[in-house]
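As structure tokens, here come the structures.
First chain A sits with chain B, and in the next complex the same chain sits with chain C.
Showing the complex of A and B:
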């Protein structure tokens, strides 16, 4: 009896490792946080568009098609990495992406887009970060998937990368086909 | 150039670690010793060289090295350029390896004519651990990787990390974690060589455990100080996974330090100590793995690369599998020669050991519970302060009550009446202390009451035993000497440190007052007898930030000015983020803590004011524990020296 107890530590240890291993190999993003906005309508906002210099009114824009909302800034390094995948989504897949330029300088942002190419259907300036607060953004970049009824369906914290691109796109498809 | 040197040194270090691993015990002691000497010294030399190379790259801002580019910037003050070396995943792995090879060197230094088999085997295990981490670093997290073309400036790094407390926090913590690797190696070595040499393996293990535990204590304290001063949330402990990752080995270390004493004195609990030594190190590595791999998100998540996670996991599986297998197979050789009576010092230490393990287990459960739930049901939950408060506090309370008495109980079986007689004066003193403090803070909180009693209890017991001891030392009656237990300086310091720590924790958590308000210039607000007036706001410019700085004048009840507090809201243009610097006035009874939030001239600024009683005693307590630990390391090294004679 007493000797058997001595095997207990190693059994517990490996049980635990199996759990960790499972969590590591399953396709999971630990920074994927449930957003309180999921399945709610897009928070309404009005702000100046960087492209058209007109006022962008959110109520008018979000309906009829699936739209991605991407929070980005020129000072954010991961946004730069993400940029090519956004271009892929808009050019190859024909998705409409609205960029929200978070706490950034409009002229730098326009120059940045000119240099790298513009994947956005429209870019809205959020100089003070108020829109970001309404959307619960806490780190850049963040991307939201909005369905054709103007309801937020998914939130991705962090960049779309080579690795997550496929999963992200299939998420978009899944929402489109609902 | 220097980066290449660093990279090359790292590979050389790997070679010598492999050599050290290869030199296991042979019949020819001389060649074993000689080869071990070469490998231990070379390992130390090349890891140091590699570490210094990386530091050099940071100092001269060599942005051709990707690691420097990502984590440094030319405008950063020199001190923070240096601390940036270990402020990222790759660099911190290098520091980890450096500390490993320093401990490796100290183990080597223990060689004497009686313990050759034990130390050789220990060095072999230590080499295995070092190889694992070296391979991990060179294969998955090489800090010397190049970037082409060379960028003109770096990406800076998190300004929140630009803090003196945080600059020394990781090295101290690593001494703690890595110190347990030595305990781990000794444990494996003792079990695999058995009792052939009749050497007291526990005596050799003890200084390392003490060093690990002592530095872990002060390392955790510095992390806490950083959170308190830098994060601006008014608190100093948040049960963040990474805090738990350091707290769990600390709890096991506490248990280990004490049970090692019973092994030393009474030859009991040997198996227990062997197991604890293994677990303390495994938990250090698992904790680091959890927060590093991104399995748990926390402020310390550096890398989200799953290959790293899988590598570390396999390494942990080998370490844990091997060590626990040996434990299951060989530990029965270490049977206890004496029985344990509950009413004895060893009995109480055992009870406290068990309580520590239970605390550790509940912290562990709280930390990984969200993971297990997620693995089973795909739901995300989070476990927070209420869980820890309701599981940890009730177990800690009896542990501390026992901790107060243990020094008074002798190693043999003692009767309950003797214990009661001995503790009667301290019960009285505890009562007096409690009444006085509660009167000062006018508190009716139960937890506050309990905290003060616990703290007073430890102190009173120590005071009275010291009193008894001095009576014998300077009195005439030398015959009763044995009935009064001997105290060492280190034990007294460490226990008093814990008492002060409890005092600080109680005060700051039970009696804290918080006020969040919007203030314009010349507005005033009241917090606990203090009047706070918002005098002015201005812009200040620092080396790599600009800030707005508020000026708050604090008056006491009698309308005398006490201090002017100047919290800042800093903006770092390089990384485009802002931090808030709390401004704090400290005295031995309380802290006044002000944080400046967002705002403007018209609407005023959001201001958070905290009244935090007794916070400073947390840091003092931790430092006193640290001192006790240092004294203890010293006296135990003397014991080890005597063994070689």
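Showing the complex of A and C:
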């Protein structure tokens, strides 16, 4: 009886060891947070479009087709890295991407897009970052997939890279085929 | 060796009592009304900075923390209740933004396990005590 009890902590210790080791080895980023907005309608917002100079009204725009919403800024280095993959998604795959220019200067942003090419169907200025807060954004870039009913289905934190491009695109397809 | 330990200890105490009030609220953020400012500070102390993740927005100098501090102050000036402000934030960022997790069905274990372990520990100690007493007598 006494021996059995003594062996229990040892078993417990090794199970913990295995669990911790597993969490260490798998590909995960503990600072990545799940979005509470998943399966909710897009937060409504009105802001100036950098391209048409008109007011962008979210209620009118998010319906009928799958839309990507990408928060970006010219001061954000990973956004630059991601840019080519956004172009790929819009030019090759024909996806509609709405860019939200987060806490940035409009002229710099337009010049940046002119130089690198513009993957966005529309670019909205979020000068004070309030739209970002409504979307639960905490680090750039962030990309949301919105389904044809205007419901947020997925959020990617960080850039779309060579490594994640395929997985991201199949996520879009998966949501489109639902 | 002993001397070293003593100096370290003394320094630790000095540091503890001199650098208590480290916060990142910038002068232009502070509200005119001191009562509102205190309310805003107290709320900010409970809100996690999503960028640094182990600091409150009151302590953090990250741009997002500053934005959230300003937002909280605007809401305090509008006389929103504490609950309304917390709800505004958790609706957007989830419960994770609260430094202290709320007591819910999903967090029941988190809150209760320490007490369960405490009771288990006490029982083991009492039982062992009884055994050793028996052994002695």
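As a convention for this text, the second predicted complex is superposed on the first by the 146 of 178 C-alpha atoms of A that agree within 3 Å, B and C clash if a C-alpha of one lies under 4 Å from a C-alpha of the other, contacts with A are read in each partner's own complex, and residues count from 1 in each chain.
One rule holds in what follows: a residue touches a chain if its C-beta (ideal position, glycine included) is under 8 Å from a C-beta of that chain, and two chains touch if they have at least 3 such contacts.
The structure displayed is predicted, hence computed values, not measured ones.
Look at A:136: by the touch rule set out above, it reaches chain C but stays clear of chain B. Of the two partners chain B and chain C, it is B that touches the larger number of chain A residues. By the touch criterion stated above, A:103 is placed in contact with chain B and with chain C alike.
Using the contact criterion defined above for the overlaid structures, shared-chain residue A:23 touches chain B, although it does not reach chain C. In the superposition on chain A, A:75 contacts chain B only, with no contact to chain C.
Common to the chain B and chain C contact sets on chain A are residues 31, 33-34, 103. Per the touch definition, chain C reaches chain A in the complex via residues 50-51, 53, 63-64, 67-68, 71, 90-94, 96. The residues of chain A lying in touch with chain B in their complex are 3, 6-7, 9-10, 13-14, 16-17, 19-26, 28, 30-31, 33-34, 73, 75-77, 103. Put simply, chain B touches chain A in their complex at residues 155, 271, 275, 278-279, 282, 289-290, 293-297, 301, 304, 306, 309-310, 313, 316-317, 320-321, 324-325, 327-328, 331-332, 368, 371-372, 374-375, 380, 575-576. Residues 31, 33-37, 103, 128-130, 133-136, 138-139 of chain A are the ones touching chain C in the complex.
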